[in-house]
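Letters A, B, C and D name the chains as they come in the text, with residue numbers starting at 1 for each one.
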Amino acid sequence: MNTARLPHLFLLLPLAGCSGWQSALDPRGSTAEELHGLFWLFTITCTAVWGAVLLVLAAALWRRRHPAGISEAQQARSERRSGVAIGAAVAATVVIITGLTFASYLATRGIAEEHPEALTIRVRGYQWWWEVLYADSAPHRAFLTANELHLPVGRPVRLELATADVIHSFWVPNLAGKQDMIPGRENVLVFTPREPGTYRAQCAEFCGIQHAHMALRIVVEAPADFERWREAQIAEAAPPMTPEEEAGRQVMESKACGACHTVRGTAAAGTLGPDLTHVGGRQTIAAGMLPTTRGSLAAWIADPQTVKPGNNMPMVPLTAEELQAVSAYLARLR
Amino acid sequence: MKHRIVADLSGLPLHGAGSSSQTWWGTLAFMLIEGIGFVLALAVYLYLASIAPQWPLGAPPPDPWPGTIIAALLLLSAIPNWLVGRWAEAQDLRKVRIGLVIMSVAGILPLIVRIWEFPALNVSWDSNAYGSILWILLGLHTAHILTDVMDTLVLTAVMFTRHGDNKRRYGDAQDNALYWYFVVLTWLPIYLCIYGVPRL
Amino acid sequence: MTRPPEDRDLRDTALDTGQEPDALERRLARIWRTPPGLVNALSTVDHKIIGRRYIVTAFVFLALGGVLAMLMRLQLAQPESRFLSPDLYNQVFTIHGANMMFLFAVPVMEAMAIYFVPLLVGTRNIAFPRLGAFSYWVYLFGGSMLWIAFILQMGPDVGWFAYVPLAGPQYSSGKRADIWAQMITFTEISALAVAIEIVVTVLKQRAPGMSLDRIPLVVWAWLVMAFMIIMAMPAVVTASSMLILDRLVGTHFFNPAEGGDVLLWQHLFWFFGHPEVYIIFLPAVGMISTMLPAFVRRPIFGYLPLVMALLTMGLLSFGLWVHHMFTTGLPRLGESFFTASSMAIAVPAGVQIFCWLATIWLGRPAFRVPFLFILAFFFTFVLGGMTGVMVASVPLDTQVHDTYFVVAHFHYVLVGGAVFPLLGAIYYWFPKITGRMMSERIGRWVAGLLFLGFNFTFFPMHILGLQGMTRRIYAYPAEMGWGGMNLFVSLCSVAMAAGFLLFFIDIFRSARHGEPAGDNPWEASTLEWATSSPPPPYNFVRIPVVTSASPLWDEKGSLPVVSGLAVNRRELLITGMGNATPEVRETSPQNSIWPFFAAIATSVMLVASIFTPWAVVWGAIPLTITLIGWFWPRGTPEDDS
Amino acid sequence: MMASRFALLAFLALLAGCKREEREARLAPPIAEAQGAVLVMPNGISGRPHDVIAAQGDAFRNNAYQLSQGKRLFEWFNCQGCHADGGGASGPALMNGWWRYGPDPVSIFLSIRDGRPNGMPPYRDKLTTEQIWQLTGYLQTLGASTASLASTSRNDAMHSRPAENRAPAQAGHTTRPSP
């Protein structure tokens, strides 16, 4: 039977998937590393068991003859032997299962440890974007951003996960396992990013029409870079530099934009959509749909329902000049 | 394959009672299904109570009188119910007829009292989760009384026709009595939950 | 109606005069038959006719669900595809899941039970056959409702699990989630009805001598399945009723702001949902245990451990539901308990595998098509079991939960563990149902295409999941690098679809032109092969007597039977629960149109109650009338005693 | 016979539900533009808006998706700040079936878009025309004496008024008993 040879082929395939910026096989954080070890322990053990079962099956099929005229005594003996073999196999199953359960219990304990000096960030899921709040003991140093998380490398993080509407699930496979965001409850996720880089997170619990496009960037950077970023975020929005940008700010304030979005330092103070104070400095817009460029901002504002059908941003009627101006202004907000 | 006859079963009875009757098993299975439904509803009640900051939620405890009267009526009805079961076993048509009429009345009485029990809960189903689960528990039990009363009424009617004097009908009467015990028994934990738990 | 006096209590012994050789057969056929005509077709209570309808309907739903699967694969074949809109895609994956679980997998296992349990235990009809007819119509109407709703853009789009609050009143507008909830009610009513029939048939209608240790393993499996349905399905009916009440009359079961709880839904749903998997899986392994002996030419090795394994799995499956909720932030200690219990179920599953291996080891395998499906089962299901051990671990589950890894896992378990054995069982029992063999040559192609197509379609999904591809997404950005593997998966899924297509072609072809099968084409050992193919309306001319677990192998030459049953009315034997000693000669109901009417009344009530709660009140009136019509005595010979 | 007639009936009933479930996330721009063409005084001095305009509002009143969007906006734009979930506070009640400026959709549309004296601010700069129509559709279900099949249901929030699909709204609106 070639059934016995196929598994080797399959075994090679996972190796192809060992890297990626949203991959559980490429751990870059404390929790993910722990889980990665556990994953290979389980995978190797299970593959061995699976292989053993198929080998026995193949052997059983191979010896298929069994002369019809076998003696009663022989038959009874081989049945007895089979009974013993089954007993042994069951015992082995129990041992393996117990071992794996214990290993997974140990891993759970290691993961849940809290650190007093952890950086606390509140992440809130919305249909279909993420709100990120960097709290601070001094209220004026707290700030809101969206769809992008910056973390200093090596420092434990404590994410407080909540939702504004339905259940979402926060998952950065490179850093940690997932944790749901559930109405009426607050969950906490603790981990330590170990290597700088940009990772991608995605909502893992089905949350409605645009569940597929609810992504989050996680930028893990050196502590100094993180502090610089943080100070920049605390600041109010950059002032417009050109007349076009000035016109853009006026559009932002006078048209429907400001009813939902905040740009700190301007009259736009809506709280229904993502905070746009530093939108130009983020890597993506629309929760990971498009890279942040002036062009993609214009495309998004001009027709959000074609880019991301069903999302809650309406198509605000703007003239071509207004559209140009507002996208120039937003791109400037670094 | 050729047949060889090894036994003649002509002498077997034509209808069995109790565990020899299919309908008895069917009744049992229905009671199991519905019993699990009740257990789940009660579990939901206790689950909601366990996560609530206080219980009952935003309402005074329910007024216990109508529920207590129903409990008393149901417990009392167990006596004629037991008698009907015995008369049915003895295949006494006249007594079964009388008994079933009594049981029809005994089934309708708690339904009438129940009209006052819903307002006595002091909470609406759409006020909060406490009100919702209370109404569902009571509604579920009411539905069971209602179906058993319907069953009793139809059976009573059959008993007064030419189909009445038949072993099968006596079996039905026994199964109906069995089911009524179930309706009575399920009320007790529900009663305790609705009226007892908020007063703990 | 007056009958000639000699008809009263006429028994088969009276027809043994030898003057007419098949007088008994003709008499029985007249009593048990379903006459031609539409009304009679709607009235029949013959378990074989109902079972056949049930099986065919379930396979129609399988084909429809498969079409949806292919639509999804077409959509996902390339990044950011715009072939399906997100709104449509969400309906498609929801209906694919709900359809496969509620309209195919569970019903088809029940359907096989309706057809084969009476034949396997040696009786003339299933218990409460009118309930079976009712169950079928309710199932058909409920399934049709879901698909009609889909055509009308009212298809549920909340996932087959319908988590609140997404499926709740605020976030799911319109009637889509209500359609889902009421489809649940339909299918659960029909499943519970069948479960009762199976329980009573197996416990009380077994052939004399078929004591508990001689029951065919598949019947044990169906018995455990029936009990699991009885224990598990009320939970989902409770949950879906609470959902529909929340949506329709404003109750607050799942509203955290008013004392409700979102996780309550998940607890209730998975308290049903996990046993559900075993409800599908246990009959399938039962089929393997029953088919295997015919292809290795020896009785199953380890009958008792296999029965114990079935019972243990049935029991344990009720203690695992939380492993679907490992990422919801429940207390750690509880999670560890559920890890342990989830892994523990690997032990009885292992026992089964080892017993089958021993059976093959000790026997002489014949590579016929059903046996090929059993081999495909081994390869696929054991792999799915292994990934099952992985998802049972809390920490690992936090990485793979809600990713394509899980999609791969449960398709391995459900397709490998249930559909492959089921297809094997269809090849195995098709000759009994139709009297004709299916093609061995096409069958090998079917098995090969499905086995290869399945593995190449679903194995890469493990890797996709580990690479971060989450479930239930209608599109993914090209930059994720999942495009290549998704295209590969979509291409391979065509092979799988071709396998199913070929299977259906073979069914149609063989039903008309297949080689005549004879009574026992596999020379198998169980009772259903003791009667003709297809079985006559009365199943057995005389009720067989069982003296071993492999009656047709151990009774060489002639089959012991009993006589003395009445032939002037539908009569069967009620036997003791433990060792099947005959207790009563009981009647079996005649055909009736009322179950059909009752099913219509039920359907009207359920569909209307999606729109107004008052439907429960006025809808109850026709339902009551039809039920009275159903149960009102008719004074037929079946009513005598 | 009976079965086929029943099937036909069920089919027709469902067909009627068809439009109610359509989810049009994006109006075609010309339609969106036409929907904004509501003037207070069509002929410059007085007069009623054309019926066609009013009919455009129908699509928003009988479609479940549009109504739920309207409900979301009602919350998002803090209508309850003045109208208190429809019961009325500093602003008038919205669920007693009494409309100060008339019950027709166009009047409601104009009230939202252009504002009204004594405190109702104009929303023309905060909402798009489509959104104002969605809100209008939703408001009409608030005071309905019979609930539309497309009507929204309760919110996952504190319970301050009966669900919109429980009509007539006022009848079911009892004050909560105090503990």
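Here is the rule we use: a residue touches a chain if its C-beta (ideal position, glycine included) is under 8 Å from a C-beta of that chain, and two chains touch if they have at least 3 such contacts.
Computed from a predicted structure; not experimentally measured.
Undergrad: By number of C-beta pairs in contact, which chain pair leads?
TA: Among the chain pairs, A-C has the highest number of C-beta contacts.
Undergrad: Between subunit A and subunit D, what is the separation of their C-alpha centroids in Å?
TA: 38
Undergrad: Hey, how far is the Cα centre of subunit C from the one of subunit D, in Å?
TA: 46
Undergrad: Hey, how far is the Cα centre of subunit A from the one of subunit C, in Å?
TA: So the centroids are 37 Å from each other.
Undergrad: Roughly how many whole angstrom separate the Cα centroids of subunit B and subunit C?
TA: Between these chains, centre-to-centre, one finds 31 Å.
Undergrad: Of all the residues in subunit A, which ones touch at least 2 other chains?
TA: Touching at least two other chains: 183, 209, 309-310.
Undergrad: Which residue numbers or ranges of subunit B touch two or more of the other chains?
TA: Subunit B, residues with two or more chain partners: 126-128.
Undergrad: Could you list the positions in subunit D whose residues touch two or more of the other chains?
TA: Residues 23, 25, 154, 156, 159, 162-163, 166 of subunit D touch two or more partner chains.
Undergrad: Pairs of chains that touch, anyone?
TA: A-C, A-D, B-C, B-D, C-D
Undergrad: So in the complex, the part of subunit B that touches subunit C is made up of which residues?
TA: Touching subunit C from subunit B are residues 1-16, 19-22, 25-26, 29-30, 32-34, 36-37, 40-41, 44, 47-48, 51-52, 57, 125-133, 135-136, 150, 154, 158, 161-163, 166-169.
Undergrad: Over in the complex, which subunit D residues touch subunit C? Could you list them?
TA: Checking each residue of subunit D against subunit C gives 2-3, 6, 10-11, 14-15, 17-18, 20-23, 25, 64-65, 67-68, 71, 149-150, 152-159, 162-163, 165-166.
Undergrad: Write out the stretch or stretches of subunit D touching subunit B in their complex.
TA: Result: residues 154, 159, 162-163, 166, 172, 174, 176-177, 179 of subunit D touch subunit B.
Undergrad: Given the complex with subunit D, which residues does subunit A contribute to the contact?
TA: Per the stated touch rule, the residues are 183, 209, 254-256, 259-260, 272, 303, 305-306, 309-312, 314-317.
Undergrad: Would you pull the subunit B residues touching subunit D in the complex into a rising list?
TA: 56, 58-60, 122-124, 126-128
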